[in-house]
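Once you've had a glance at the structure underneath, I'll fire off some questions.
So that you can tell them apart, the chains are marked A, B, C, D, E, F, G, H, I and J in the order they are listed, and the count of residues begins at 1 in each.
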Amino acid sequence: MLFLARMDVTFPESMSDETKAEFMAREKEYSGNLQRTGKMRDIWRVVGEYSNYSVYDVADNDELHAILSGFPMYPYMKIKVTPLAQHPNAIK
Amino acid sequence: MLFLARMDVTFPESMSDETKAEFMAREKEYSGNLQRTGKMRDIWRVVGEYSNYSVYDVADNDELHAILSGFPMYPYMKIKVTPLAQHPNAIK
Amino acid sequence: MLFLARMDVTFPESMSDETKAEFMAREKEYSGNLQRTGKMRDIWRVVGEYSNYSVYDVADNDELHAILSGFPMYPYMKIKVTPLAQHPNAIK
Amino acid sequence: MLFLARMDVTFPESMSDETKAEFMAREKEYSGNLQRTGKMRDIWRVVGEYSNYSVYDVADNDELHAILSGFPMYPYMKIKVTPLAQHPNAIK
Amino acid sequence: MLFLARMDVTFPESMSDETKAEFMAREKEYSGNLQRTGKMRDIWRVVGEYSNYSVYDVADNDELHAILSGFPMYPYMKIKVTPLAQHPNAIK
Amino acid sequence: MLFLARMDVTFPESMSDETKAEFMAREKEYSGNLQRTGKMRDIWRVVGEYSNYSVYDVADNDELHAILSGFPMYPYMKIKVTPLAQHPNAIK
Amino acid sequence: MLFLARMDVTFPESMSDETKAEFMAREKEYSGNLQRTGKMRDIWRVVGEYSNYSVYDVADNDELHAILSGFPMYPYMKIKVTPLAQHPNAIK
Amino acid sequence: MLFLARMDVTFPESMSDETKAEFMAREKEYSGNLQRTGKMRDIWRVVGEYSNYSVYDVADNDELHAILSGFPMYPYMKIKVTPLAQHPNAIK
Amino acid sequence: MLFLARMDVTFPESMSDETKAEFMAREKEYSGNLQRTGKMRDIWRVVGEYSNYSVYDVADNDELHAILSGFPMYPYMKIKVTPLAQHPNAIK
Amino acid sequence: MLFLARMDVTFPESMSDETKAEFMAREKEYSGNLQRTGKMRDIWRVVGEYSNYSVYDVADNDELHAILSGFPMYPYMKIKVTPLAQHPNAIK
């Protein structure tokens, strides 16, 4: 079952560059694991913004919320989730 | 080069069911061709709405506009395009 | 798996009162069936608006889209779906 | 008499993790009590957001405001309340 | 129990001046009755708009919805309802 | 001449509870005086929000601005003013 | 007492050019009279839009509503009114 | 003096394809003339929308309004104008 | 050439009352000079808000930007500019 | 391939004037280089705002994101990108 998420990241003014770099490293690992297990099918950068669109393949809403709220940067993200269904014109 | 599009369809009140069915058939064929040539990578229905999110892989903006404005239902669609870049955390 | 939907109904100006009454009767039957099978857990009228909030318990996004797009008044509805997860403070 | 509320929580940047944990514990107790007394009929997490939708069954607007403003996290919540009426298609 | 409503009226283009005048006469009577029974405490015109703010004193949400949906012009109104509570600084 | 105002209060994160309590006491007195002189006809709490709707009866715009900007909490309020006229259906 | 109004005009699709021209002529006369009596102090076209900003000098809200609702094109206008007060930095 | 305009075109449902084609031809000529005289410096299609961004070089606001309201499709356009100034980082 | 500007002022929480008073004094002088030279034709307070609408008569966009960005409080203002043209119904 | 970007700059309250000046100098150099290499075709100040509209000529989305995220002030910018296509009425 697929969901599209848009995530916008805003770091607080007081966060040091070191802390940011740490968050980014943990995020990269977390995100890589989600992709290797097939939970995250795609992740793209929105051009010009500290934002992504990403696609999740999960069993249910609870699993999706667990995944999203597990992102290291979750407290600094604004996330909007769109549930996706099979499109009648899709050939796969 | 990838782009995400959200398309919302609104048919005019006066359109007959036959005309709608015709549009849908032409749309299905057009959309199928785009997928078979790899121009459209994904298309999903937004749950509960006459809308889709779709992902395009094109050479440039002009090709994308030609594809989008070529949809049979284009005059009845509101389309918003988001340019996508490689995400640093993507593993592919 | 639960979803909250808000539905706003707008009938076209040209629709006769008879047709509206027919739609309402079919809607009532459809909605009643969804409730009897447990697919729709709740439906409430938004005070002062031709709108409802309703709660769905479905197996997945595709089932939800099939249910929503099956409403007789679907072509006249604007629907917004919110996926719901278990709240840590819920006691059930 | 039922009301739907959407609550979005934003903690100030300066709040320590300990204080947050304390707030969450008090919130859980307050929310549990409301559910045990039947004042809060449902509470759901919005997937991907630090937000909930919750349903209240109260005698009047003053009782609802007392309940909502009594939440320990009230100063950090943005709340929007929607009054609900019996829907003609509801079977209960 | 008090509620504030904002009502915005839009007549369809095809409605004749006679029909409009009839609606206005029925509206005036309906609105007058609500005021005489104390259900509607106030009604004001928004300067420069075909809109009003009005205040209702009702027993519950269902009574309010019955009153609002009973307005002769209800099908042509967009209504937004705000539930009101006693303000701590009010002297009455 | 009547005006409707909606006021939304947001205190800065750094303000102590003592300062808040002081502001509230001064606000209560100011608001009480306005009501006793008939300048403020009504004030209601918006359920679930640190907000009010209030109705003013003043001689002109300058008097209204003087009253509103004189609220002790004025620097922490977002105020939106709507000028009201006599409604043709009002019976008083 | 001054008010700023923004007016946006939208004619219905079915209105003939003759009717439009008639409306414009009546509007010009009405607007001219308001200016000659000093009720309308200024009127400017918003560049690129069928809209104006205009400034009114009236005794009270009721007079302003009478003036605005008296515009021949009133049924085709969306009007937003902003009450203006003396600015402390104005030298007149 | 430069201005950026965004124009969104919406044709009425009742307009025939012939009339549309006529409008487009007249628009092309009008737009070409503006470019040849240097009044319009650039015009770009917004990808996926019946919209353009265009840049105008005019003597003053009145000239710009005359140009914009002279577009054959003006009655079917929603235009938003942004006045532009020299940017300190521009090298020309 | 005329422009309408709406300016909304927000001072940072940390600014002392002395600094604010200083800014206001400098602003008053700057604004007075603009009025005496005829560059600013009008300035009005928006009732209930720390905002103004003001009208500028300038030679071009660059002059307007220089004037606006020269306001002492410019870093604390959100400004929206609307270019104005001669209205066909204006008698002056 | 062309893109239009709108950039709005907001510096944090705590940033010193020296740091701001440094950022501006680095920004000027970066922006100048982009113009000299032809990557940035135009940059204009939005009158009255700390914002610009700028036009980029790049090979693809990834190049554009690299350019935009390389701006020294990027962490303090909100950027919105619009992909542009050839307009049928453009003469160049």
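Observations on the structure shown:
Rule of thumb we're sticking to: a residue touches a chain if its C-beta (ideal position, glycine included) is under 8 Å from a C-beta of that chain, and two chains touch if they have at least 3 such contacts.
Remember, it's a predicted structure, so these values are computed and weren't measured experimentally.
In terms of C-beta pairs in contact, the better-connected of the chain pairs E-F and A-C is E-F.
The equivalent interface to A-B, defined as the listed pair sharing over half of its contact pairs by residue number with it, is C-D out of B-C, I-J or C-D.
For the pair chain F and chain J, the distance between mean C-alpha positions equals 43 Å. With centres set at the average Cα position, the gap from chain A to chain D is 27 Å. Rounded to a whole number, the gap between the C-alpha centres of chain A and chain H is 39 angstrom.
Multi-chain contact residues of chain C, defined as those touching 2 or more other chains: 2-3, 13, 45, 47, 61, 64-65, 81, 83-86. Under the stated contact rule, the graph of chain-to-chain touches falls outside the line, ring, star and complete shapes.
Those residues of chain I that touch chain G in the complex are listed here as 2, 4, 27-28, 31-32, 35-36, 42-47, 52-53, 55, 82-92. Contacts from chain F toward chain D in the complex involve residues 13, 45, 47-49.
On the chain F side of its complex with chain I, the touching residues are 3, 5, 12-14, 61, 64-65, 68-69, 78-81.
Touching chain C in their complex are the following residues of chain A: 1-3, 60-62, 64-65, 81, 83-86.
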